[in-house]
C-alpha cells in the first residue's frame, strides 16, 4: 500500500490514481461532487474489497465538506455550512437507522487544549432529548428522537481508553448509532478547521498524530459509528515538505534545468524531513494563531449541523 | 423522621439531639472533634441501625472539614486544608481497600455553570496514573496506585443518568473504590465553599436541590464510594428563614415579650416561607458573588487533598 | 429625600408617588410606557429641578427595558430585545450627537467574576470601526461612524480609578459620546439580568453595592455619557426583607388581624434586617445559580443592541 | 544593516559577528552569561552608537532568560525561573528609579486568542497596591511601592492605539516606570514560551509580525519602559527555512558534494521562501499545539517574577 499520510479518503483516492496513472475511477470506488455557496461536497463511496484495498479504508461512505474562509465566516455562511452537514448526516441515518432511533453524540478531545477542544465544545450545543423523553415528554414534539451526548475526556486526563468508556455507556443505554466528533492532524495547513470528513466506518482516535488509541466502530461497539473528523493541527514536517516543493518549483523556474532538483522533487520528502527534524527535537505539532476563533466557528457549524439532522 | 433539610450528618445529629432533648450521644452514633490551624474536623460514625434510623443516614463514616475564610485563603492555608483532607481520606482507604488498589475519581457537575463547576475542575488537577502504568510505567515510582478520573457531565447536558455512565465504566475498568466530588445545596450561607463532608456511604446527586438522581453507592455500583460533598449554593427560602430568626430575636430584645413572636420563633418557618415564595416565582437558588474565586480555591484544596491521599 | 435604595428612576418615581400620595405625575417628571413581544419599555423624563429633587436624579432621560425570561430566551427573543435597545439608543444619539460622530463604548467590570463580567463581555462583541477608518477604510461603508471600545478593568485589579483611565483616553482620542455598560446591585431578584436601564446622565460605578467610585459623566469627562445599567446581584438583606413582607401577608391572611404584624408591615425592614445581618457576618451579596447563562444572553442583547444603534 | 529578522539582541549580536567575522566582542557592546538550575541568562549591553548601529537597537540593556522545558515544568522550576526574572528586574529598577517609586504594569495582547493572551493573563496575577495605599493603607507594609496594572486590549478589538491609551493613563496617574509584557513572533520554534527578553528601551507592539504599532518607550511616554518580550508564535516560512537548512545538511552528508546545494545553503532562504509562500496564501502564523499550557506556565513565571521584584 502507498504511504498516504492522510486520513481523507478523497486525498487517498487522488494519490492512488496519480501513482497508478489511472485516468478514470478506481474499480470499487464511486465518486461525485457538488458545489454550492462556496461549499464543496465530495462523496467517495467504497463499494467492494478492491476499492478498500486500493486506498486502505473499509467499505463505506466518506463525505468531505470544504468550507472556504471559515476564519471570517458570517452568521449566514455558518448556517449554510451547517445545513449542508445536516443534509449529509440525514442521508447516512437513512442507511443505518430505522426511523427515529436513539443517537449518542460523542465529543472527543480536551477542553483545556484549544486545538483539541472542538469535540467537547460541540457537545455543549447539542439539543439533548433522551432525559426529557423520560422525565418531561411534554416539552418535546411527538415522536422526537432520543439524543444523548458525552465528552468523555482523553486518555491523558482520565487514564481510561475512550473505547472502554463508550463500551460501558453503550451497554447501559443502548443507542442505535454513535456520532463521534474528533480533531485530526491535517496534511495541509489550509484544511485546518475548514474541512469536515464524514465517514460511516468509525474512527481510531489519535491515529493522525501517531498516537493511535483503540478503534471506535461498529466492529468494537456493535452499532454503526459515524465519525466527523475535522483537521485542527499540522506537523512542522508537513509544513516544511510542502514548502520545499513550492521552493524547488520556484528555483527551477528561475535556474531552469537542474537534474538533482528534478530528482529531489519526485521523491517523498516527508520521511526524509521527519528523519532530520526528529533528532533535532524540531517536529512540533502546530496550529494557526487564530485557532480559538476557528474552533468557535467550526463548533457552531458542527453542532448546528447535527441538530438540524436530528 | 425529622425533616432535617440538611445533608450534613453533623447537623442532623445536632437537630436530633435538640428535638429529643438528648444531652449525651445518640445510641448508635459516635462523635469526635479536632481543631488545628483554623481547620475544624468533626467525625460522626454511625455504628448500628438505631443510629442510622435516628438521623436517616446509612451506617458509615461522616467527616466534616470546616475551613474558615477560604475566600481570602493564602497558598499556605490551602495547603494545610488539603493535607487535612488527605489524612482523612487515607484513613478511609485503610478501611475499604487492600493496599494500592485502583481508584476512580468522579467529578460531578457542569463546567459551564460556575457554582456547579467544582467536580470537573477538581478532575483536571488529579494526578492520573492508570494509563502510565499500562503504557509508560518508567515514569512512575514502583508500586504506584492506578488512578483514573472522569467528569461525566450532568443529566441536563448528556441526557444520561450519571449512574448509568459510571456503571458502564466500572464494569469495563474494574476500579476497587470510587471518590465522587459533588456540589451541594447548603442550609447555611456561611458553609458555601468552606465545608467539605466526606462520607463513605455514597451519594444521591442533586438530592440537595430537590432534583434527586440515581444513587451512586456500593449498593448500586458494587464497590465502596467515598463522597466529597461541598456546599456551593443556597435557596432564597433558607436565607429568608435564617434572616427571620435573627430578625425576630432582635425584635424581641427590643420589644421584650411578644407571645406571637415567641410562638413564631419556635415554628419551622422554612416550609411556610417556601409556600409563600414559590407561587411568587421567587425561590431562586443563589450563590455568593465571589463564587468564581471560592470554587477556584476549594478546587485546589480538594484536588491536592486527593493527590496527597493517593 | 426618601431613602430609595434603588438606582432605577422608574422605581424611585413609584416610591415617591406612594410616599406622597400623588395620584398623577410628579411635577417635573414625564412618563410613558410601551409593551411589545413580552418586552416592556418605560421612559421617565426628568424635565426640571423639581422633578430632579423629588427622586434624587439629575435632569435627563431614564429608559427601563424589561425582558421576561431571559434565562430561557430563544435566539429570536434575544434579537427582538436587541432591536428594542437599539431603537432607544438611536433616539438618544439624536439628542446628543450631530450625525455620525465618534462613540467610545466602555465595558465596566471584571471578566474573572461571573456576575461582574457583563461589561467586558459586551465589549468583545462590539463592531469596532475607528482603526479601520484610519488604516483600512475600504472595508467600511461610506460614512461609517467611528466606534472604539475598551474594558478598563476594576479598581481592585488595576489600582486605577476607571474615571482616571477614561479621562486619559478621552483627552487622547476625543470621542463625542461615551456608552458605559455596568452591572448593578438589584433591589429585586426578578430583575437580575432581565432589566436594562438606559440613562443619558452618566454613572457612579459601584454605587449600587455601597462602594462608590468616581462619577463618569458629562460633568467629569466633558462629553455626554449614556449609561446602560443591568442588575446582576442582590443583597441577602433584600431577599430577606422581601421575603418577610410576603411572609407577613401570608400570616395575616391566615391569622387575620394582628396589630403588631400590621405595624411591622408598614415599617422599612431593610435597615433593621441589615443591622441584624451585618454583625452576624451574614449580609452576603448573592447571584442566581444560573448567572453564567443569564450573563451570556444579556451580553448578546446589549452587544447586538449597541451594534444595531451604530 | 543586516536583515536580522529577530528582535532578540542576543541573536542579532551573534549574526553580526558571524557576518563580519568578528571573533571578539563588537565595539560598543558588552556581553556576559550566567547559567543556574537549567536557566541561562545572557546580558547584552549596548554602550554607544557604534554598538547600537551594528545591531540596530538603541543604547540600553537587553537580558535574555532561557528556561528549558517549560511545557512540563514543575512548581519548583517555575518558582526558580520567577526568581531569576525578579533579580534581573530589580537591577533595572536600581538604574531607572529612585527607591519605591510608582510602577505601572501593562499586559499587551488579547485574552480571547490563546497565543496572544500572555500579557492580560500576567496582569491578573500582579499584586496591585496603588489603590490600597490610597484607600486602605493598613493592609500594606510600611513603605510599600505603588503598583497599578492594566490590560488595554489590542487595536483590533478597541479601535485605539495602545500608545494612545497609555499616554492618557500616564498623564493622569503619573507612574515613574512602565513594565510592558508582550507576545513576540519567534524566529525559532524552540524559543516559544521558553525565552524572556527584558529590554529597558521600550517596545514597538506587533513589530515581530509585520504589523507595527506606535512605539511605547521613554521617547513617546516620557518615562522609562522595561519591555518583557516572550515569543509565542512562529511564521510557517521560518519553520520551512529552518527545515530546509537541516534538510540540505542531511542531503550533503549522504550525497557528498553538490555545488548547487552548497551555494543554496549559504543563501538567505527566508525571503525566497516567503516570496513562494505568500502568493500561495500559505505563510500562516502558527503556534505549538500545547500553547495553552505553555502560556499558563509562562504567565506564572512572569507574574511571580514581577511580584518578587516589587
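A few notes on this one:
So that you can tell them apart, the chains are marked A, B, C and D in the order they are listed, and the count of residues begins at 1 in each.
Just so we're on the same page, a residue touches a chain if its C-beta (ideal position, glycine included) is under 8 Å from a C-beta of that chain, and two chains touch if they have at least 3 such contacts.
Predicted model, so just to flag it, every value in this text is computed and none were measured.
Any chain touching subunit A that also touches subunit B would appear here, but none does.
Distance from the centre of subunit B peaks at D, each centre being the average of the chain's Cα atoms. A rotation of 180° superposes the C-alpha trace of subunit A on that of subunit D, rounded to the nearest 5. Each chain gets a centre from the mean of its Cα atoms; for subunit B and subunit C, those two points are 37 Å apart.
Spacing of subunit C relative to subunit D, judged by their CA centroids, is 41 angstrom.
Annotation: 46 Å between the Cα-based centres of subunit B and subunit D. Residue numbers of subunit D whose C-beta contacts span two or more other chains: 112.
Those residues of subunit A that touch subunit B in the shared complex are 111-112, 123-124, 128-132, 146-153, 155-161, 164-165, 167-173. Interface residues of subunit C facing subunit B in the complex, by the touch rule stated above, are 112-116, 189-190, 233-234, 236-237, 239-240, 242-244, 246-247, 249-250, 258, 260-261, 264, 269, 272-273, 275-277, 280-282, 284-293.
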